[in-house]
Amino acid sequence: MPWLHHMRWPEVEKYLQSRQLILIPVGSTEQHGRHAPLGTDSFIAIRLAEDASRETGALVAPPLFLGWSPHHMVLPGTISIDAEVLSNLVFLEIESLAHHGFARCAIVNGHRITNLSWLQIAAQRAQSELDVELALFDPAYMSREIVAELGFGPFGHAEEIETSHMLHIHPELVNLEEAVDGSYGDRPLYDIDPRSTKDTLAYLPSRLSEMQVLASKTGGSSGHPTRARADLGRQLHEHLVRRLIQVTRQLEGLE
Amino acid sequence: MPWLHHMRWPEVEKYLQSRQLILIPVGSTEQHGRHAPLGTDSFIAIRLAEDASRETGALVAPPLFLGWSPHHMVLPGTISIDAEVLSNLVFLEIESLAHHGFARCAIVNGHRITNLSWLQIAAQRAQSELDVELALFDPAYMSREIVAELGFGPFGHAEEIETSHMLHIHPELVNLEEAVDGSYGDRPLYDIDPRSTKDTLAYLPSRLSEMQVLASKTGGSSGHPTRARADLGRQLHEHLVRRLIQVTRQLEGLE
Amino acid sequence: MPWLHHMRWPEVEKYLQSRQLILIPVGSTEQHGRHAPLGTDSFIAIRLAEDASRETGALVAPPLFLGWSPHHMVLPGTISIDAEVLSNLVFLEIESLAHHGFARCAIVNGHRITNLSWLQIAAQRAQSELDVELALFDPAYMSREIVAELGFGPFGHAEEIETSHMLHIHPELVNLEEAVDGSYGDRPLYDIDPRSTKDTLAYLPSRLSEMQVLASKTGGSSGHPTRARADLGRQLHEHLVRRLIQVTRQLEGLE
Amino acid sequence: MPWLHHMRWPEVEKYLQSRQLILIPVGSTEQHGRHAPLGTDSFIAIRLAEDASRETGALVAPPLFLGWSPHHMVLPGTISIDAEVLSNLVFLEIESLAHHGFARCAIVNGHRITNLSWLQIAAQRAQSELDVELALFDPAYMSREIVAELGFGPFGHAEEIETSHMLHIHPELVNLEEAVDGSYGDRPLYDIDPRSTKDTLAYLPSRLSEMQVLASKTGGSSGHPTRARADLGRQLHEHLVRRLIQVTRQLEGLE
Amino acid sequence: MPWLHHMRWPEVEKYLQSRQLILIPVGSTEQHGRHAPLGTDSFIAIRLAEDASRETGALVAPPLFLGWSPHHMVLPGTISIDAEVLSNLVFLEIESLAHHGFARCAIVNGHRITNLSWLQIAAQRAQSELDVELALFDPAYMSREIVAELGFGPFGHAEEIETSHMLHIHPELVNLEEAVDGSYGDRPLYDIDPRSTKDTLAYLPSRLSEMQVLASKTGGSSGHPTRARADLGRQLHEHLVRRLIQVTRQLEGLE
Amino acid sequence: MPWLHHMRWPEVEKYLQSRQLILIPVGSTEQHGRHAPLGTDSFIAIRLAEDASRETGALVAPPLFLGWSPHHMVLPGTISIDAEVLSNLVFLEIESLAHHGFARCAIVNGHRITNLSWLQIAAQRAQSELDVELALFDPAYMSREIVAELGFGPFGHAEEIETSHMLHIHPELVNLEEAVDGSYGDRPLYDIDPRSTKDTLAYLPSRLSEMQVLASKTGGSSGHPTRARADLGRQLHEHLVRRLIQVTRQLEGLE
């Protein structure tokens, strides 16, 4: 089992004699439309970390189920923690791990762009203040080619991409009959989709007023979740696992 | 399934029409001797919340696997987060939940006294600043009579009580052959054990230098973990689940 | 005179040549019913420290008159400081003292459970980050046997125990004619009273709405302050002073 | 003149009667190789804001010359401010502006990816807590097509793109004779260049040890600064000014 | 008795029916040469507040014995708290007081310039965020004429002015035989002395290296403490009490 | 050119071989009456630093245009940043500079008393925690004699002194026809004017309610701005430049 918290400390000590790598899955608890569970982002981060580690034997730190989601507070169940608190939490977690000898960390983000800002601050602080090498793994970017091949439309929220992913890893938590298609308002210069030629780096999540419109129209999702299919989700997941393995192998200097 | 993050937001909305209760399990990732896993405190909090909720239908927020454990940093795998960061995190979590209408929260603590200080700050802040009613559930105190009946010795760290509990809920993660008996230095006026007539309230966790001695003597545990038994663990667990149900029923004004 | 701030630095330097002990009295400024002064908690902490030090020659740091009392803001005169600010303040105070060589600190708390959470954080931080040995002295716990012997009822707020204590140490500040008897609502599983078999560790102070009820019923006190007697207060005080001396002697390795 | 701090308050009051837009230029003070000035990022942000505003009449807030650059501390003159402090500063600035009625802010970033994380936090907080519409303008992304047309190589640090830009706007501060060509170590999966098909979103700045290598090889720059040309810089600048005008027109609902 | 913490809340309620004024004495615990006690600044603030209140009937909040004294850490017994923590503490204290109706506060500073910076921040925050009118009382400035008349030399640290003051209010804590005369290095443009024509506003306390020199030369004092006289101290004190009464009468709109 | 951000790092390296001095100009963006620009304080700090450095060859750090001005938020365009954020920002700036070898810093304040409190905290922290020698330059104090000679009335806000200064350094930004004369309410014991015999050190900026009165009477200025003259401003400026040169020469041990 790859999880750190499932191990006893002598097992960790033994692991550290040959390897310094650890994966840290970070998700969120936020509305994912009428059809997908609040923990969607967390489940994706957890399963990617688990499956990559199963193959490489890497250790995985316990998952973090909470992210920063102020714009999703419009629908019940969303939990939003301030970016500053989350950034300090993850920095202190890396500090503890580095103290024991974990010198290479891959942070597996399931919450896409909204977690990236504070994760980058935690990661860059760790790089500067501790003797640690870090990588940030984001599933949206790392699936940009396969997503095109699988015929998915643009990235949105709880759209066919994320929903297909969930149909593969947690079909019991998805109710596709509740899915409602819809679309974000088009922004001419910015886009959340890494396949777009627009600016994806400086994209900002929607404002509360826009989210309220979305909530009343589709129940919080965008894109075409009704087109989601478990087999496409499987291909997406396997692609992402391969990519994550590549990232961790590079961190370990094996590639 | 009782977990909030397993639900879709319309399910949460429906739940909130009749109930306002949520359980928040909080654990730690810290050394538990040579024989028990780093996540012991988290597993206990999680399982208590799950089993209590299964019976009462209460919702459970996603678990927090990280606690404050500076004194346990002497052994590998321990992750210690500053009390201030954790207290803010849990306060903000309650604030999000209260925003949606969860007005009664039971925090299920698996990390005993070391989590209690910052949890009390988060809980009392929530009571004063939000319109929320809170209870803090601590397994050590809530098992003081049954522990006596079951013939356990004093509370320590990863001792026969905690180890029996783990043998019941996660036997696959315990390696009893590695267990080493030992004891904390006796403190004439303070005690971690709620059955003691000493001051348990103002007890302070051991200092790093004491922990280093303990680490080299027993591998980090105290008491008599070798006496742990799954059947005693089952009785302990069932007692604690009953107690937790009592606490949540009181929060809901049913008792 | 035992007070640090009454001494000149060469006297402190001389003291440190043979001893490393200092006492830190911490109280509050909060309503104590119609009959007892706002500084009751502070006066108790101060007098305990003074009298213990008079006998042992230990130094006492200047008193802190402010605590965390959000629930007592319902009555005028109460000053409530955020737990985080107080915890940092006392940690920094210990850091300065440790810098000069005070390596053993006993924090004398007059504000019972409400100060304990943030004091524990300050104390455990000091234990982990500085080379200091600490003890937290709480008068409620440390008087549990004598309180029973003296025939007092349960611990509450400004009840006969605290009031008797004040009648002994500051009779001029108590107006017993104004005292009103009353009682907290009973909580089946939690209790503030260390003699109780309920959970005293995870007890939370009352919520503002409960405090408003108490304020209008009794003027903010609970229990039976009208039964308070100076002679019982004297016995209580002398017992606590003996206990505090024990605590400091243990810190100094003399017991 | 478009600068807020050059205006008297009655002029600001008049402006606010018809428009709610303000631009906020944010740069850095960090080493830009042997050939370009420490304020390169600031000069770019300032000039873009000035030139866009000259055409549209938009107001510009005073520039911020300090950014987060821990990795560039290896060379003298770099000033690095903690991300948390900068994020709070810019949030509070937007809060003051919003108080007066500026409800649409375009943050013009000259420091590329390293400023983006904390700027996104400030911007998303402002979107959630204030009634403000925000856009983040990043010159790297917004020049991706033109950069290809102009025949520039990949984005790096103080490379031919940035250097050409500076040769156009501040030739007197560039000493091209000092420029040294070089290259970052190639990262197979991540890239700072928005034209790349690699993950640009989760790219992390180099670690201190990598920066020290770069500093000793090229004096801190990467890419081919020796190929920089003022005329290409002019075309780049004019393209970016047009883009920024587009962004601000969209914020004002004009496009 | 003028002290808030000596009163019962009904007495405070009654006071607030006719007055809104409160005094807050703030001192320090820091070395004051070989001859004066560590609490000198606190004793001065306390006695000024007490004596002014005795005459006017104004209430006095409990004293704060801790200040910001990083430069005095060179001698044992000094306790230095970070300015930010102190500023938040006093702001929160004023917030509690304002909540009950104390709308006019005079902060009586005994620590001269070193407390003023953070007290000004607390005071100006209170003015802006709360409906409170504040005055900061500094004994150095408020005694500038009388000090000249009494023939005292320049202000320094634990010099004849402060020492005379202490000989009047706490002669039992001063040991004049230990006093050593000396002087600060002259600064051509800045001065701590309000009678000086140099810049007293932007004066900075000495650096640690300068303090170490002072400590070894005079034991931490400057000026001519050996010239201190109790009768001059009495005149100084009475002048300051009159001044403080003026300040509080103005706050109450009586002058 | 004296500006750090205009230099390339090898130029900074060379400078540091012979000198350790840097000037840091700090201003504000706040209303300065109907006649003077919002950036008045910033322009004054910038021009003083520039002109002093032109003569002595000292380096100047990039200017900070934002200060703490809660009381000036009553008029549009004012930007007020919390004192704590500003103090941390400037401390971190000095820390970066000290890292590279700048061991002598003169902070040139254009915002008079309102910036001084948080600048003193940043400066004293830097003195205690870093190996840096600091001076704070305040134009009000440093011009007290010349101001008398030039026949100016008392210091206020945007009065004839500041306005004359601006008429000399930035006449194009002043509209004297809009100037309105007026006066602050007289305070018997406190004064902002360093020529006054009142307490200038413990002076607090006006409260919001007072500022609203001022805003409606004069548009935010006090004193007699209509008497401002460019030639007097020139004499004032030249005097201040000489004073600032004195301060920096002393920091460098040349005087």
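Here the chain labels run A, B, C, D, E and F in written order, and each chain numbers its own residues starting at 1.
As a convention for this text, a contact is a pair of C-beta atoms (placed from the backbone, for glycine too) under 8 Å apart; a residue touches a chain by one contact, two chains touch by 3 or more.
On a predicted model such as this, the values are computed, not experimentally measured, just so you know.
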item: Chains in simultaneous contact with subunit C and subunit E; value: none
item: Farthest-lying chain, centroid of Cα atoms versus that of subunit D; value: C
item: Centre-to-centre distance between subunit F and subunit E (centres being mean Cα positions), rounded to whole Å; value: 28
item: Cα-centroid distance, subunit B relative to subunit F, in whole angstrom; value: 55
item: Centroid spacing, where centroids are CA-atom means, of subunit A and subunit F in whole angstrom; value: 48
item: Of all residues in subunit B, the ones touching two or more other chains; value: none
item: Direction subunit D, origin subunit A - full chain order round the ring; value: A, D, F, E, C, B
item: Contact footprint of subunit F on subunit D as seen in their complex; value: 3-10, 12-13, 16, 29, 31-39, 42-43, 61-66, 73, 75-82, 85-86, 88-89, 92-93, 96-97, 99-101, 173, 175, 178, 219-220
item: Touching residues on subunit D, where the partner in the complex is subunit A; value: 68, 70-71, 83-84, 87, 109, 113-114, 116-118, 120-121, 123-125, 127-129, 133-138, 140-142, 144-145, 187-190, 194, 197, 199-202, 204-205, 207-208, 243, 246-247, 250, 255
